[in-house]
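Common to both upcoming complexes is chain A, partnered first by chain B, then by chain C.
For the complex of A and B:
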């Protein structure tokens, strides 16, 4: 009974917490890439004389940008399939939020202990991305159609790496429950798997989060705003909110799967934050160092990197399962 | 320094090049006018282009009021004799202003003849592409403007706008496969439409439509006179303003017996090359942005700011320098400033060399640029590419060597070289531009060294421009060959009768459709960007929206202060 109450409370707490952390990660992405590019970026401490005008800090700038969109007019194009166009952002957000319920946070196991939670979480993440494709397709814009097509192609190849990496871990740990994986111990062999499968997961995350060189679905110089061309106001804000949750969810999943037992006990919280910041820093470095690939190059690259790496992971995982 | 004409130049043209002209008039600096009958224009073009491989610089027409229209074809003969430019002239009647088109002989004349037709109402007969160049295709109706294919049947229900068919394809097909890049597209900042017909992501046909940005600068110069014209010419383009200033001054100085002090020539070279440096840095940034490399964009534009700072210290302005004068320049470069600027430029050279390595070695950048927008040497020659686009197709063409403007570009005085590359694609264009950047650094450095050591006059008062004089001024702008043609008025010695500007983008934009065919849709903005197009130079219409409102009014100083505070580290 106590467990149930604790779980319910933690489920309620995790939503604002995930939003906050997602916003902080987005802020870090923006600030770090700004500093890499000789820019200022959103200010952590505002200049004294501008404080009355702009507030003391712009730490929550990504959130303000989303909130601004909620105050704007929403336009639904005449040629769109109205119902799908309007519901897709909300469904996408719903699945992203649902996915984070199955990923543990230090001190809060949430629903990660339920059987097959690894499968559930990965399917929910897929569903969320699926609706970022369906809505744009329903909008009737040629730019959105091209963007969505690229998103599908990219999604298919990055998903391959994602799944291969998840199941390598599952085989090695002999479990499909995230909580069991993340509270398991470490050994030399598992550390090796962490490096190889973690690298594969990181590469898959690049595609899922549209980090350069894999941001071709949103390539503004080529296809305006890609999938989001026809979206505006609240609907666009909802998509951006989804992105924030996805960023949090993927970072949390990475830590809980590859860096156990950091995501289990509340005492690990400082280390959890450090790991998240390092991960966001790595994502940012890739983002600033690279131009955008063509979609064909991206697919080739994924097939060249993800499949051999995935096979290697499987061999290591099988060896761990059979030998150790 | 005086600019001399070879004494026998008219005789040379008559004897060696074309003996059947009606009249031969030598102009200053080895420019020769050959007057012919209108019917002979094609014959002359055929002879010049096929036999002598002369390059058409521009074709235009002048309104001579009662006398009729004067059709001008300007050919570059610098391969045969130093600085030789032959201007072929034919006067056509006002009542029936028809003359044979030369676009079938040299494709480079296509845009020029379409423009001529719109500008003056002359009728080149037998044009391969009679559609409007700058006016809307649907005006006054698609049949008259030539955008409806021969024998195309349309019912009365289609509006004029729907009948606008860019690639002369049926409406039904156009709706399915035609993608408009523009008129305002995030990949290309300025206004133009490129229509691409796609199959999947493959481009199978492309067409370009200009005419979104007309400012009437040529007409304004005709009404304001030679002195004010220098300021107007700079405003043709905000990025290559020095190139326009220099070309205009070269042209006006060719109208009279001019003399320019040596120090002024060095200052002109200095500014033109600083201008080229910041223009090329800007271009590298734009291409980096188009391929999604924001970091490259920020780094190159950061370097560009330092060039702009030097320009500001020398001239007091960042964009339009306002120092070009007939007979010299208006502002000297003090010796201590020259020394300081030289140190900055030398430091900048190191950074630019690093930039070259960064661009030439980045695997993803290479994968986006190699093989994109192919243009062979033959295509570049036939299409009339100029500047870095032509040089990247391994065609050594540079006005600074062939037909130098009134500045110091003599290889005996200043050591520099023309950069070419045999990649024949966007990667080649990138390498050419970044290497030219280093060459410009070295030219700037040598000019500053001279300026730091010497003193002297910077301007000699110009003489009166003779009535009815004519001149051609050429300059190598950052984007390629820039040509000015000026004809002085017959009545007023301070006003030009006609001013014609042929910008490099005018030529390079015309061959964009050629480069686009066969490329991937993702590469379209890269190909369009690769010519470094400057549409403000190319176009001929502007709408100014002067609405103003708002409750809070900030003064200029307040705005400057705010922007400085916002960008402080």
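For the complex of A and C:
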């Protein structure tokens, strides 16, 4: 009974916590990429004389963007399939929030202990991304259609890498429960798998979060805003909110699967934060150091590099399972 | 001031509408967004679709062929919105604008088509002037309430 109450409370607490952390990670992405480009980026401490007008800090800049979008008019194009166009952002957000319930946070196992939670979490993440494709397709805009098509192509290859890395870990640890994987011990062989499968998961995250060189679904110079071209106001704000939750969810999943036991006990919290910041820093460095791939190059790259790496992971995982 | 009004001031997104200028103002506008001046420190972002924008930044005298596009782009920006006209051409048509006899190809300035809120004169205005214009636009934006 106590466990049940604790789980319910932690499920309620994790949503604002994930939003806050997601906003901080998004802020870091923007700030670090600005610093890499010799810009200032959203300011941590505003200039003294501008404080009354512009606020003291812009640490929550992504949250302000979302709030502003919620205060704006929402335009629904006449040519769109209205129901799918309007509901897709909310369904996408729903699945992203549902996915974070299955990913542990230090001190809060949440629902990560339920059987097959790894499969549930990965399916919910897939569903969330699926609705970021379906909504734009329903909008009737050619730019959104091109963006959605690129997203589908990218999604197919990046998802393969994502699944291969998840299941390599699952085989090596002989468990499909995220909590069991994240509370397991470390050994030399598992550390080897962490490096190879972690690298693959990192690459898959680049595709899922549209980080350069895999940002062709949103290629601004070519296809306006890609999938989000026709979205405005609350619907666009919901998609941005989904992105924030996805960023948090993927970072949390990475830490809980590849860096056990950081995501288990509340005492690991400082290390968890450090790991998350390092991961976001790595994502940002990849973003600023790379130009955008064409879609064909991206697929070729995934097929030539990521998928063989995934197969290698599987071999290592099987060897660990059979030998160790 | 509520949190929504604050958010409106904190995150103005620009859509850069080039209607028939000589590109001088556009270069200065981009200079305002580039590392030297970097308006992103105040949360300003250049967005690719007018549907995402709060501030419409127009440059140039409007050629008559552009009339439907300018109207359409203005209507695509969701309320509340502000139009900032950058450069002499966008403020008063500059040397391209004649009342009589009317120019056969050039309409003049975007104010003849869409309501402009802030004018930034200069040929071309400096990035500092453009940033000041955007700030005036933000202040006007804060006064407007969304219709929906």
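Definition applied: the second predicted complex is superposed on the first by the 324 of 324 C-alpha atoms of A that agree within 3 Å, B and C clash if a C-alpha of one lies under 4 Å from a C-alpha of the other, contacts with A are read in each partner's own complex, and residues count from 1 in each chain.
To be clear about the criterion, a residue touches a chain if its C-beta (ideal position, glycine included) is under 8 Å from a C-beta of that chain, and two chains touch if they have at least 3 such contacts.
For clarity, every value in this text was computed on a predicted model and none was experimentally measured.
When the two complexes are overlaid on their common chain A, residue A:49 makes contact with chain B while staying clear of chain C. By the touch criterion stated above, A:152 is placed in contact with neither chain B nor chain C.
In the superposition on chain A, A:142 contacts chain B only, with no contact to chain C.
In the superposition on chain A, contact of A:73 is made with chain C only, not with chain B. Touch criterion met: A:216 reaches chain B, while chain C stays clear of it.
Look at A:307: by the touch rule set out above, it reaches neither chain B nor chain C. Contacts of A:294 after superposition: chain B is touched, whereas chain C is not reached.
When the two complexes are overlaid on their common chain A, residue A:233 makes contact with chain C while staying clear of chain B. When the shared chain is aligned, no partner comes close enough to touch A:127: not chain B, not chain C. Counting contacts as defined above, chain A residues 37-40, 220, 224 meet chain B in one complex and chain C in the other. On the side of chain A, the complex with chain C involves touching residues 30, 34, 37-43, 53-55, 58, 61, 64-65, 67-68, 70-75, 220, 224-225, 228-233, 236. Chain B meets chain A in the complex at residues 179, 185-187, 201, 288-299, 302, 362, 364-365, 367-368, 520-525, 565-569. Residues 33, 36-40, 47, 49-50, 142, 146, 212-213, 215-216, 219-222, 224, 288-297 of chain A are the ones that touch chain B when the two sit in their complex.
Chain C makes touch with chain A in their complex at residues 3-4, 6-11, 13, 35, 38, 40-43, 47-49, 51-52, 54, 76, 78-80, 146-148.
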